[in-house]
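Some structures are shown below for you to check.
In the two complexes below, chain A is the common chain; its partner is chain B in one and chain C in the other.
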Partner chain A sequence: MDQAIPVFVIIPLAASFLISIVGGRIGGFGKTISVLVFLSTLIIILTYLISGDHASMVYKIGGWEPVGNIPIGIYLLLDPFSGFMLIIINGMAFLSTVYSVNYITKYTGEKYFYTLFCIMVAGLNGVVLSGDLFNLYVFLEITVIASYALVAFGTEKEELEASFKYQVLGGMATALILFSVGMIYWYTKTLNIADITKILASSNDRMLIQFSELILIAGFGLKAAIMPFHGWLPDAHSSAPSPISAMLSGVVIKAAGLYVIFRLFFNMFAITWEISVLITAIGTLSMVVGVFLAIGQWDLKRLLAYHSISQMGYVIIGVGMGMMIIANGGNIALASLAITGGLFHLINHAVFKGLLFLNAGAIEYRLGTRDLNQMGGLFEKMPLTSGTSLAASMAISGIPPFNGFFSKLVIIIAAIQAKFYLLAALAVIVSIITLASFMKFQRYAFFNGTSQNYAKDGVREVPFFMSFSMLVMALLCLALSLLMIPAIRESFLQPAVDALLGNNEYFINLLNL
Partner chain B sequence: MQGMSPIVKKVAQLVMGFIFVYGIYIITHGHLTPGGGFAGGAFLSGTFILLVLSFGSNVLNLRREEEEASEIEGLAIFTFLLLAVIGFLLGMRVFFGNFLPKGRIGELISAGVIPLYNIAVGVEVGAALLTIFLALVIYKEEISK
Partner chain C sequence: MIVFILCFILFLVGLFGLLTSRNIIKIIIGLSFMEFSVYLFLVLIGYIEGGQAPIVVKGIDIQMIVDPLPQAMVLTAIVIGLATKAMLLSTAIRIYKKFRSFDIRKIRSLKG
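Right, the complex of A and B next:
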């Protein structure tokens, strides 16, 4: 299996170049190839996780062995946490491309869509596999530059403006990240994450390390759209074509933002009290403020985009509480529970928010509007869209038996056990407001009883491939609740948490010491 | 876009060939001297940019040229990936493996597969910069119409 690690980058990249060459000549080439590509990468990563072998694996690109215990090449590393992210990325990419088969026909330039999509996924796979700080930055740039172009894919005024805003703020994030990587390189004289860990552990210059930590939080916070850095997200996520919104909201802000923050602060820097309080504080801020910004929105996709900010807050407080407990020298089992809640909510959010964006795309596909005031009564006309979006709305608002309930429950239980009563109370209140805003969405979009207006417009259920993706994701909303069963959690979720907690293991594997 | 004066045209005609050959020199000596695929590719595209700037936009069929440049770009980058994958499939399952004989240090035919990577990068960068330039020229033409 360890030979197969670079395959996650090679296959999507090769597909994107192939599509750009022959996609214009052979009709339907782009969609066929990209669906097959993401299906194959999904199968490869699933076989790794199902095999039950949770050892981390290192791949040295170009075969450059370490010289005198100093790593000189670029390393890729697959451990259970990377594997967990790869499942989300490739699974969502597969479902989004299947959905695009019908959806993208309303745009021109289908070939460019699939080319950019494959490049974006190749970059995301690279980000979660990279064991080298600069290489991680390069893959991050590949991802975001492809996503700038994809946000502007409609080339109307609104899309171009959103893309420009995204580019300006993304450029700032890039500058901050590169500056911080440069500082770390200057201080440690190496870019390999494991090597940096070794050198930082034996250094005592806290000032410089803290400075680069703060800049890293700002840079990756911009990519993850945490609260003070969230300005670009509602525009970009609502203007993009819907499969891309699902990818951006469901995957990109997690893999390119949160994943890197978690990975670096757990496995590279030593966890300190100040940083963990800071991360938890911005998580709480985005959770609370995001939902208040969301509830007043009438543009459906903007409402969903603001909820992404809020739900990311849940993930961050889950993991942030774990960091605070560890920094205090508290109970590791409790920290593990909090981080489990955070990561569980991460995968749940990818599924239900992806589904909600696909629902919004389905409504836009038939009605040509995203304004909630112009919808209504779609329950009879589009039963499948209505049913799946009800499932996703209940999942995001935390109604049992859907997956969102269980992950929020784990986070709240962990908060109460760790005596963070305020966080637990806020998490419950935000969940209730979330429920309110999704009741608004359900009522205005599906139940407001004006369905006779659509009789002459020919509004009906969306085509097969779009329905297929939405149905699979709605089933996943239910199926992911099974992760609460200890046997399944032990084999899938717990290894990812252990990979974050056992920072020595990451380090030893990567250096091959 | 109009062409420039006869003096500029004549000078451009005189130097264009040299610039092109110099670009090829930079690319093929990438593993021996400073420079390489990226720098040499910029020279190659510079030749075409000079041609369009001095002779005006009517000298080439811009749209066809842009499509072709874009396709050459895709082919070049695909070749690059293919070379890396050949290294993966031959020998030790090493992505970017250097599967050709290394030769003697300092000779033109040496360093195994690296000159081939340089050539692929050179064509890719040349075609990419040309595509960007032509896209800007076409945009300008459409605005002025």
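Right, the complex of A and C next:
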């Protein structure tokens, strides 16, 4: 299996080049190849997780063995946390490409769409697998360049403006991240994450490290669009084609932003009280402010984009509380519970927010508008879209038995047990406001009783492939609730949490000492 | 030490240009300044006083060669920077074709 690690990067990358060369000559080549590629990567990662073998594996690019216990060359590492992220990335990519088969016909340049899509997924897979700081930066740039182009894919006024904003802020983030990587290299003279951990553990100089930690939070916070850095997200996510919005909101802000923050702060830097308070504080801020910004939106995709900021806040406070408990020297089991809640909400958010964006795309596909005021009565015309979006709306606002309820419940229970009563109260209040906001979406889009408006317009259910993706995701919204059952959680979610907590294991595996 | 301070000043110049200018081409130039200062910083951290090129041949003092890894990093980063700049400028061209202006005060179709 460890020889299969680079496959996650190689297959999508090769597919993207192949599509850009042959895609124009053979009809339907792009969509067939990309669906097959993401299906195959999904199957490979699922076999890894189902095999029950949760050992981490290392692949040394070019076969460069360590010299005198000093790692040289670039290492890729697959551990349960990376595996957890890979499932989200490749699963969402598969469903989004299936959806695109019908959806993207309304744009020209289909082959460029699939080319860029494959490059984006190759970069994301690389980010979560990389065990080398500079290599991580390179994969991050591969991802974001493809997503800049995909946001501007419609090449109309709005898309170009959104893409420009995204690129300028993304460029700032890049400069900050590269600066911080340089600082860390200056101090430790190595780029291997495990080697950096070893050197940082034996150092006393905190000033430089704290400075680079803060810059890293700013850089990856910009990529993850957490609250003070969120300016680009509503524009970029609402202007992109809908499958891309689903990928950006469901996967990219998590894998390129939050994953790296969690990985570096748990496995590379020692967790300190100041940093964990800072992370929890920005998480709380984005959770609360995001939902208030969302409530006044009438553009459907903009509303969903603001909710992404808010829901990312839940993930961050879950993990941030875990960091605070560890930094205080508190109960590890409690910290593990909080982090479990955070990661559980991360996968749930990928599914229900992806589904909501696909629903928005389905409505836009038939009606040609994203304005909630111009919709209404779609319940009779588009029953499947209506039903799946109801499932996703209930999941995001935390109504049982959908998955969002259980992850929010775990986060709130962890907050109460750890005596963060204010956080628990805020999480409940934000959840109620989310419910109000999604009731507005349901009412104006599906139940406002003006269905006769569309009698002649040919408004009907969306084609097969779009319906298929939405249906699968709606079923996943229900099925992911099963992660609450201890036996399933132990085999799927708990290894990812343990990989974050047991930082020694990560570092032994990466160094292969 | 003075070179690091100058490098940081270059970073701030770029940030100032990015934040205050209204022309999108000037914003791109400001962003480039920020990135170039980071490249300069990366080269500087590998430098030692009186250092030699990092090529191991007979008669060279290993202690005196500069660190080659930041140079490799900087080359990679420059190539990535080129790609992002090309992407930004091509977006700028498309924006000019749509809005007939480079002024960000006139490019405001997104609100909320």
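We adopt the following convention: the second predicted complex is superposed on the first by the 513 of 513 C-alpha atoms of A that agree within 3 Å, B and C clash if a C-alpha of one lies under 4 Å from a C-alpha of the other, contacts with A are read in each partner's own complex, and residues count from 1 in each chain.
Quick note on the criterion: a contact is a pair of C-beta atoms (placed from the backbone, for glycine too) under 8 Å apart; a residue touches a chain by one contact, two chains touch by 3 or more.
Here the structure is a predicted model, which means the values were calculated and not measured.
A.B. asks: By residue count, is chain A touched more by chain B or by chain C?
C.D. replies: C
A.B. asks: A:Gly62 in the overlay: touching chain B, chain C, both, or neither? Say first, second, both or neither.
C.D. replies: first
A.B. asks: After superposition on the shared chain, which partner residues are touched by A:Ser20: those of chain B (first), chain C (second), both, or neither?
C.D. replies: In the superposition, A:Ser20 contacts chain B only.
A.B. asks: Touching A:Gln3 in the superposition: chain B (first), chain C (second), both, neither?
C.D. replies: It touches chain B, and chain C stays clear.
A.B. asks: Can A:Lys157 be said to touch chain B (first), chain C (second), both, or neither?
C.D. replies: second
A.B. asks: Could you look at A:Thr174 and tell me whether it touches chain B, chain C, both or neither (first, second, both, neither)?
C.D. replies: Touch partner of A:Thr174: chain C, not chain B.
A.B. asks: Give me the intersection of chain A's contacts with chain B and its contacts with chain C, in residue numbers.
C.D. replies: After superposing on chain A, no chain A residue contacts both chain B and chain C.
A.B. asks: Can you list the residues on chain B that touch chain A in the complex?
C.D. replies: Of all residues in chain B, those touching chain A are 70-71, 74-75, 77-78, 81, 84-85, 88, 92-98.
A.B. asks: In the complex formed with chain C, which residues of chain A make contact?
C.D. replies: Per the stated touch rule, the residues are 134, 138, 141, 145, 148-149, 152, 155-158, 160-164, 167-168, 170-172, 174-175, 178-179, 181-182, 185-186, 189, 191, 234-235, 239, 296-297, 299, 302.
A.B. asks: Under the stated contact criterion, what part of chain C meets chain A in this complex?
C.D. replies: Going by the criterion above, the answer is residues 11, 18, 24, 27-28, 31, 34-35, 38, 41-42, 45, 67, 69-70, 73, 76-77, 80, 83-84, 87-88, 91-92, 94-95, 98-99, 107-110, 112.
A.B. asks: State the interface residues of chain A toward chain B in the complex, per the touch definition above.
C.D. replies: Touch residues, chain A against chain B: 3, 6, 10, 13-14, 17-18, 20-21, 59-63.
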